[in-house]
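Look at the two complexes coming up: subunit A is in both, with subunit B in one and subunit C in the other.
And then the complex of A and B:
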């Protein structure tokens, strides 16, 4: 099995680097076969627990910020590598302190999509074929087409191979994703303003303000000075009201404009299944149209909303008009 | 009490009947989630799987109005201010439909906190007395379920007023309390064939896996308390969000804040989460739990050490833990932190300490 030998090569590479690192962020098996859970690898025995397959959905780059002074290894997929690049662009992490283990990826599972097709609450096992996912359930095997249960971001993935890596655990994967047509957003924008607002009111009403969306976001770096928690200034009331929930999501989307790489962790982490990635996609499409800019692709690029200067170098000379 | 029959197609009608006399909280499907909503016409209750959030909100709402206040300035002397206070309305009689045995059992653990710790929380007490639980028994255990660790089980009656047992075509409804009996008064007696079917189902309930002996958990937890390497490794996955605490049927921490709006305002009690760094941030700027390792340690310690030490059960028996094993913290955790694994690690690694 190619994936198994790849995992073995990953473990080998991690073990070789461990002496130079504080720890390595990777994936281990979670509470069942359909769940992976992040692990900090410190020892060879920890490294032996590493796994890599389509259940490795988490974006581990979320744990990178705020670790200054540490030398960290990290296992990344193509999409995760874009978060690292964006963090580098924003000078929030130091590249030299990172050792990146790049895992070319053919897509990860969207468990929400699996759940509407099969009851996986008692899943016993899973196997991944080239075109199908085989679930082992209490009442037998259930085969699902792979494309049906991959995350949306994987279906339109243009960077299946990590854009930055020190160890590429290949082989590299050919790009299979389609160009992002923003079809979901366009369909949504066909609704009237009232219909759209009603949609969000309905969706946001089940938000429990747990802030998993914020904490799972690799680029939400305000940490405990987040406006959602601030009492001075008092942006949000502590009440679990629609208006507070909605205000936070709008601010989150605005703060991520031109920074969000659409890793989708906000939406995936939401226990209530609120489709909040759509708000970020809206901002990203605007940024693409206005500045022809895509976040987290080029380490040298300056994000458009980072170009603001208190004093412009020079005011445009408009000549003598009167 | 007689066992009665609630047919699938009579469920909505029965819910409507209850909604006339009570505030009815019923689970409905919304996208991927199953959430409790206050009854409204056209609602279709969904009892097919455990609700995403627990039924805690019935006893401890996420936002609870403690009082409202209005300031009035003396027009002739603006340095003089009067304050007018208004108390909230008393809680309405409530029926929670579709809770699971693990949710219903949580009431007892919340009582420990709000009623039995010396200070009786009047608001909670009134809400508690006004709330009835119509619980759905579980036919199977999910990969995240561990009610049997905590003294519960898929058909545990503790804390319920009515138990609904799924059978073909509907539910066998069994009253557990007098109040529950009243809720079922209009339902027909369950036919003999249905009762036979139920007996068959109950005789073949799935056998849960082995549960660890938790008697040593408090002591071993304390032995590991200062082992920060242990807690750092256990919390390496944690994002410090509030999913686990907010979905938990027994997490009871709250905050009290004044939410001003000009010269008016509300004093509200809202859920708080010990996973947040702000939870212990002191006015001085010092934070005794600045690392998420310390915060996750608190959550596990509270449930499996501090609670059993404060409320010791019978000597020699399994301790009462502040957890009903509903598994929501595992199932909905964005990074699959598994509290069972942490407790097992405590039992294992704390032994040799």
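And then the complex of A and C:
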């Protein structure tokens, strides 16, 4: 099968590069057929465990920042590669220390979507067809249309092929999504202010302040000096009330304005299923409209909020005098 | 901490709509506040004495005064606090006049808001730290932008006071609008005869460096240490060799070049000196019309130039000057009358602007001082002057009075009667504004001695009469309450002042503000009329608002006086309320370095190769952009830290919990 031969080529490429690297971040089979788990490959035996298929949901770029001086290999999907580019733009990682294994990707599973359609704890195996996902359950095979169980971000994916890679383990795939219409955001913004306020109050009240969203985010690079944990300045108190939870999410969204590549790790990792990506998508749409900028696409671009100029093209302070 | 609070009545300014006693009583309950009182005038001598005495008696650590805007009296109170032995930054001000008393009459809610503002100020003060200013050396040089009469006057005064002056002029010669005038009101003395010697002085003064045909490209630095990049446009003539002999101008075959100095009334050559009194008296090539530069052939000037000064391959050059202060004297432009359809929108050759008419009146002008109709060269016998063209006109977004048009119109009418004794002069006016020394008398002379006919009313339409070749000026005489029509040979439009083109861009380079019409904003309309809100940048002349020559010259000398005062000190103190990096928090991402508008942040490399941001204290202006950009809040503005702002917000929003269920 094509996927198997790609995995074999990936393993081969990783083995060839391994002598020059401290380790390679990739995916191995998880505790069942529907889960993949990150692995750091240091030996040839480790490399043999590598897999790549639609269960490889994690964005491994999250582990890159803070590994200064190490030479690292990393297996990336198209979406993950944008995180790497953004980290490079912000000079937080050094390109020379990276070897990127690019995996063109037709979308990853959203297990939450599978879960409502089948009892995944009973899954004995899974096979991926061009348009369907076949689950092997104790009572027989269950066929699910692929589009029904792919992650939302994959349905509107415009960068299925990694934008930066040293080894492209092809074949490259055609992009599935159209230009992002932000339909979800538009629908949400049609609600009244009170309805939106109530929505977020309801959602945020479920937050347990575990900070999984922060820890999963490839661009949350403050690590031990995160404002959520800081006493000086003391932005957040330890109280478990609504405004503290909400303030953190607003802070997270603002810190990612013009940086977020919408990899969706924050929302995927949220144990309470709070739709926090919506906040980031709102910021990104504003940035797109105001600065015509998309994060993590061009390694040479300067993010609009990381620079200063007197007069922005679309923000008219000067008015019309003559 | 022991905090004292003083609530000011400001006479009745605050006390009329704010219950100051109630605010003081509430303040006594705030944390760390050990004393709170109200006072009739906190800024008065007894007010300040009370403040100082209380600080000593009660051993206060910090003080909050709730009164007017800190723009008004922050410095006053900081000095008082310092006299009483406290650090002057252990002081906060709550603005309960402009922000409360003056904007609402609702006494109850005003009192509540004033209380909230005082609570916020107390919370901020509780997190304040004593700060110490640093001192730094100053450059004893001044940059003057604009070489009109204001710029020249300021340059001469500064040079006279012992400063080195860098004078930048956009055009090829200094002199500005005044050099284009024939005579000046109310004395009818020759304009360039009074200005000329000053221009020569400016050109010859060894302390003045003149950059003509140059523009300010970039300004960095701060008061005492500005670094200015000046773009010197290519003149295609080496001015160090040019003697101003004018041989090139005589031989130049490209003779159909609109003469900008003569308001395009006549034509000139592609190379030449703009006018006989020009300073520097050096030739410049107009690249758009030069045959050599456009078509590659000719070279006549190169052949005749006795000193070999012609340099066709010259390019723009950028020079850097270091100065301690800047005077902006960029003047004005005149309103473009082509926007006015009722006056023909520029279609009728015999409708001219007042400045073009000024050139016609001038003996050194295109008509050698003879008034001629541009259409047929005949001497006009009936001349109509229309005032307020592009002034006091809300429909054109020019609601302001340009101030000087009434006067120059009277002058031009007098000169018309002088030049052509058998002529008639009419002036259509709205009101006559002649409030200067000798001005009203001057207008009366025009009316009574010279028989200029003043018609109070607006002109509705000008249309040409094809049979007679005259212009029919139709308007209202509002004093007689009837329509009037004058068959004019020539119509002169008294065009008003507007901000110099490019003024907003220059303002942004200098970080000063400008109003809705592009005029630069002074720091205070009455008490700081030549200062801007950027320390070290001063205003002179009409760039601040329409002004006539005496007012421009007076303001130029005032600005020069301010600069001389400022630069008489060898060292200046920097404001310590600037950014500071907590190195243990900094992750070295460099975003602050990229966003800083002042270039005040450097990245420093540690021994392990990691990077940390570092603030150059004397360059930082305390704008706070780095602080909001820093993802880890490692950069904090001293005495405006996140914790302080949060404390203020919490003080304000302390009722949030009670009103919102969570």
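What we mean here is this: the second predicted complex is superposed on the first by the 308 of 322 C-alpha atoms of A that agree within 3 Å, B and C clash if a C-alpha of one lies under 4 Å from a C-alpha of the other, contacts with A are read in each partner's own complex, and residues count from 1 in each chain.
Heads up, the rule we're going with is that contacts are C-beta pairs under 8 Å (C-beta built on N, C-alpha and C of every residue); 3 or more make two chains touch, one makes a residue touch a chain.
Note that the structure is predicted; figures quoted are calculated from it, not measured.
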Overlay on subunit A: subunit C relative to subunit B, clash or fit: fit
Touched partner set for A:241, first subunit B, second subunit C, both or neither: both
More subunit A residues in contact - subunit B or subunit C: B
First (subunit B), second (subunit C), both or neither touched by A:214: first
Touching partner for A:307 - first (subunit B), second (subunit C), both, neither: second
Subunit A-centred angle between subunit C and subunit B, computed on Cα centres after superposition, in steps of 10 °: 120
After fitting on chain A: smallest Cα gap, subunit B-subunit C, Å: 5
Residues of subunit A that lie at the interface with subunit B and also at the interface with subunit C: 223, 234, 241
Contact footprint of subunit A on subunit C as seen in their complex: 498-499, 501, 504, 508-509, 516-518, 584-585, 587, 589-591, 594-597, 609-610, 625, 629, 631-634, 636, 641-643, 646, 656-657, 660, 662
Of subunit A, residues touching subunit B in the complex: 23, 30-32, 35-40, 42, 58, 62, 112, 115-116, 121-123, 202-203, 206, 208-212, 214-216, 223-224, 229, 231, 234, 237-241, 265, 268-269, 271-275
Partner subunit C, residues of subunit A touching it in the complex: 68-69, 90-92, 201, 205, 221-223, 225-227, 230, 232-235, 241-243, 255, 302, 305-308, 310-311, 318-319, 321-322
In the complex, subunit B residues that touch subunit A: 30-33, 35, 49, 52-53, 62-63, 140-144, 232-233, 236-237, 239-243, 245-247, 255, 257, 259-260, 266, 268, 270-271, 273, 276-278, 281, 330, 332, 334-338, 340-341
